[in-house]
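Please go over the structures that come below.
The same chain A turns up in both complexes below, where it pairs with chain B and then with chain C.
Up next is the complex of A and B:
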């Protein structure tokens, strides 16, 4: 595939975005709603909040993995039951203005939903979704992508990328799907110079310097696994309220619940977002609950992000967007927690902890 | 790449008719189910002992039960009809709704899911099945298969434990198991759970197991029961000289999707529905204590 790249100004970017909106696909982009920036389908390019930095309150995962959806439906016909397919996945969509951390989050979702038995609804949406990511030229206070192996200009999970340079944009094709988005529009665009491409590296370095977080070391996974029963977890998770806002805003959290919503005539098997930090998540019918305390549940969430990896090359399941840090009502910080847990485990020795 | 059309819906169940049922105890029932659609019945691939299924009560929800009867395998001519049995206790919303259903009514089934007991590795070996309460349901398929192919295995001891005499499952079929040469059935109830005419053992399963003085040499122990029972059983097994590789159990975690996606049944990196539910004691020792 031809990795084409161009340098365009703000007006050209907006003009292209409008052309996409006028096309066949639904365009979903960050918009400001009551003072909060959220991903929403847009009808005009002016609505989109596409800035050199800053992120939406919620990740865009709900456009691939909705908060709630029917997995199949049924009708009662006397003594019989008639099964029906779930509502079809809608028109193809473009997720425009997705931050690098969030597009990595989509790649983490792919690993869950497209591995083993494929999830047909997710697969259909993923297939008909094109991701236009936008690199960051500055870090928000809560950001820590570079501490977990990500990059403010990372391309993972995206099909086309915008990089903010010189008050304009360096734009580049990442996949064939992304290539299809530019079409004739690109005929009038100026090809990116070597200097423009070099700026990307400068941005990456610049943002990395702004992120004052110690990196999470790849080898910590094994330390965390070895210190599973370390007493420090009680202290580290003491303040967790179990509200699960962390999981809901997380771009890579993918746990879900399944329940029947029905009346006397019809019903559906409904899938909804769920979180391992909820008390009844693992509650057995017998009454036994393997994760009986908020501390055990918080530990599960943290370890599922940073431990239990098959090998050291496997990415962490935390992409470093920092939303959980910014929104936790108890002020818990996942990087601080991991750092402190590793320190405590190393101090006491894993043998003492078991 | 047309993912969408190539992928069948793994969540949509097959419709099954309740062909019959047996009440094991006042709150435990075994259902017999048959496919309503003859094409689905013909294409059903059967299962292996230890695998489980998701059972739907339309309007109430889905529950996970072990596939409890002797594995059905197609004879290839499409003439035989698969019957699926599950044994469940009335505990929550779905099981209460399921318990209230009658013969001829429609439920959903999807599966089989999970791994299975390595029965073929047990050939020529002596076997002990230890089931605590409803835990027997997860062992029944394997027990019935072993009893059916008894000549391939050594001596078989089946230890069926319950809280009280009234809570003991599979009461009516135990005499049939016992009648097979080389099969010994030991029944036990917790102290205080006996009746005046109780002729079985009285004692907690781990203690009764120790009392049997079954030497470990090469013997395979297959156990399923509540976590607290397994905890003490493993202590007894260790004391009696059993190696963790000799002991097989099942992790019966809360599950929803059955295909490793919903994230509910994880024990560390181990997804019980996808990688389990059957594990050896040795494998269990490698997992974090999160079950």
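Up next is the complex of A and C:
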């Protein structure tokens, strides 16, 4: 594949975006709604909030893994039951303006839904989705992608990338799918110079400096697993309120539950987001709950992001967007928690092997 | 579930009434009077429209607002609730309690954009067959005029609306020196309480990882008092943590702002907290914020600690008993009332769109419930599924029912601390809904102060409660 790259100004970018909107595909981009920036299908390039930095309130994962979706439906016809498949995935979509952390989040979702037994609904959506990511020229206060192995200019999970340079954009093809997006439009664009490409590295360095977090060490996974029963967890998660803000705004959280909706005439089996921080998530029919306290549930979420990995090369499931830190109503900070847990476990010496 | 088509109610959600559309009305009736009244209408061979489907209950007091919501959510265009006349209740006072509940619930649905042509209440006795027929006729005509229930879902191509800006002075600002003094006084107070054994645990605020952000902290020794902080990031209502802190300790001290006290009183009033087991450290507050702007609830607050606090921390020091002439800090005025009045001045469908757009953002993370000090039920109705009143599917049907019933369960109880709205990641204006209900409860049944002995409005009744809307 040809890794073409260009340098375009804001007007050219908007013009291209409008061409995409006018094309065959649905374009989903960040828009502002009642003061909240969120991904929404757009009808005009003007609506899109594509800035050198700053992110949406929550990740675009709902466009691949909807908050709720029907798996099958049925309808009573006299004394017979008619089963129906869910509606097929509609027009192909472009997720435009996805931050690097969020596109990495999509890659984490792929690991869940596409490895081993593929989830057909997710697979169909992923297949018909093209991701246009946008690199960050500055870190928000909560950002910590570089502390968990990510990068503000990372390309993982994306098909095409925009990098903010010199009040304009350096744009580049990442995959064939991304290549298909530019078409004739690129004929009028100026090819990116070596200097432009170099700027990307400068941005990466600059943002990494802004993020004042110590990196999460890959070896900590084993430490955390070894200290599963450490008393520190109780203290660290003491103020967790047991909501699921963290999981629902997270680009990589993928848990769901089944629910059934029906009336006298028809019904459907539905898959809806769920979260390990809820008490009923692991509540057995017997009444027993293996994760009986908010602390045990919070520990599960933290460990699922930073531990339980098959090998050390596997990326963390946390992509460092920092939304859970910014939005937690109890002010819990997942990186601080992990750091403190590792310190406590090491102090206690339960991890003698590490 | 947005595409779930319900057989028999096709045409629901259409912008213009299809030709074949006829109103679907669900009547919730009490067994002893209205059901018998309808029976009487039948045996008397009275003619009345056949649009009503009846559901029989023992008493209007048994009818939960969830049933009304569920009927709307399942496609009813209108609802009629009917029971015995006041004084005739077969369970003595069921309809009197229900009357208050319906009064407030009705105002809530009206605020959320349900046209009041769709929701009707009537007293029909067993002997009033004629009245039943008349009521059904009236209700059918009204619902017919209102048309099909508007669509649950984010409105397409709706520009949104601008609410009037909120203004107010807020509490007096404190300088950084004064802030340091406050912090030092809080630490001193906490250390004294812990070292003297007056309390076993103190719940206060610590610095969180982001600038100006504060998080709850629980300390059990005087040495840890150094962790306590104070500043504009002290947003949490710490009374949420009172009962968990008391699991291992006899007595807890809570660092409180004046806006937190309503919740403390509410917990005591409702038997969730014993006044003897909680010590309130009221701190002089200069307003809280999560972003750059001071919270709306602070705009009309003086920031002065309320006299019910056991200790008062000001810049000047720690007072064992607050000065008698201290202003109580609570104020009946709220700058957001203008926003509520503005919403109320709009046509119902505008309000419907306003709220549906916000409910479309709801992720059902239940942060509103988790952050609310008065949402203490160990098992929430949102998680009940036999029967399942609230759809767990994260779409506008379930979201609308959830947000409505959450607010209603707090009606007359909500202390206005705005924790739900602060916790909401989708910026749903839950504060406006709560405030609207508080205003309505106050208008109808009087204000509830910080007196834990007083009953909340919806568990009480008076025989002469207003019922102007009841047919």
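As a working rule, the second predicted complex is superposed on the first by the 346 of 354 C-alpha atoms of A that agree within 3 Å, B and C clash if a C-alpha of one lies under 4 Å from a C-alpha of the other, contacts with A are read in each partner's own complex, and residues count from 1 in each chain.
Please note the rule applied: contacts are C-beta pairs under 8 Å (C-beta built on N, C-alpha and C of every residue); 3 or more make two chains touch, one makes a residue touch a chain.
If you're wondering where the values come from, they're calculated on a predicted model, not measured in any experiment.
Asks: Putting chain B and chain C on the same copy of chain A, do they fit or clash?
Replies: fit
Asks: Who does A:291 touch here: chain B (first), chain C (second), both, or neither?
Replies: Once the two structures are laid over each other on A, A:291 reaches chain B alone.
Asks: Which partner chains sit in contact with A:123 here, chain B, chain C, both or neither? Use first/second/both/neither.
Replies: In the superposed model, A:123 contacts chain B only, not chain C.
Asks: With both complexes superposed on chain A, which partner does A:243 reach: first (chain B), second (chain C), both or neither?
Replies: A:243 contacts chain C only, not chain B.
Asks: Once both structures sit on top of one another, what is the angle chain B-chain A-chain C taken between CA centres, to the nearest 10 degrees?
Replies: 80
Asks: Determine, under the contact definition given at the top, whether A:259 touches first (chain B), second (chain C), both, or neither.
Replies: both
Asks: According to the stated criteria, A:7 is in contact with first (chain B), second (chain C), both, or neither; which is it?
Replies: Neither chain B nor chain C is touched by A:7.
Asks: In the overlay, answer first, second, both or neither for which of chain B and chain C A:200 touches.
Replies: Neither chain B nor chain C is touched by A:200.
Asks: State the minimum pairwise Cα distance, in Å, between chain B and chain C in the overlaid complexes.
Replies: Scanning every C-alpha pair, the shortest chain B to chain C distance is 6 Å.
Asks: Touching chain B in one complex and chain C in the other: list those residues of chain A.
Replies: 257, 259
Asks: Can you tell me which positions in chain C touch chain A when the two form their complex?
Replies: 1, 3-8, 74, 160, 208-211, 213-218, 236, 240-241, 244, 357-358, 361, 363-367, 369-371, 383, 385, 391-395, 419, 422-423, 425-427
Asks: Along chain A, where are the residues that touch chain B in the complex?
Replies: Counting only chain A, the residues touching chain B are 71-72, 74, 76, 79-81, 83, 85-86, 89, 112-120, 123-124, 126-128, 225, 228-229, 254-260, 262, 267, 269, 274, 276, 281-286, 288, 290-291, 296, 300, 303-304, 307-310.
Asks: Along chain B, where are the residues that touch chain A in the complex?
Replies: 1-4, 7-13, 15, 56-63, 89, 91-92, 95, 104-106, 108, 226-227, 252-254, 256-257, 259-269, 274, 288-291
Asks: For the complex, give me every residue of chain A touching chain C.
Replies: My answer: residues 33-36, 38, 57-58, 67-68, 70, 73, 75, 87, 141-142, 238-239, 241-245, 247-249, 257, 259, 261, 263, 265-266, 268, 270, 272-273, 275, 278, 280, 325-327, 329-333, 335-336.
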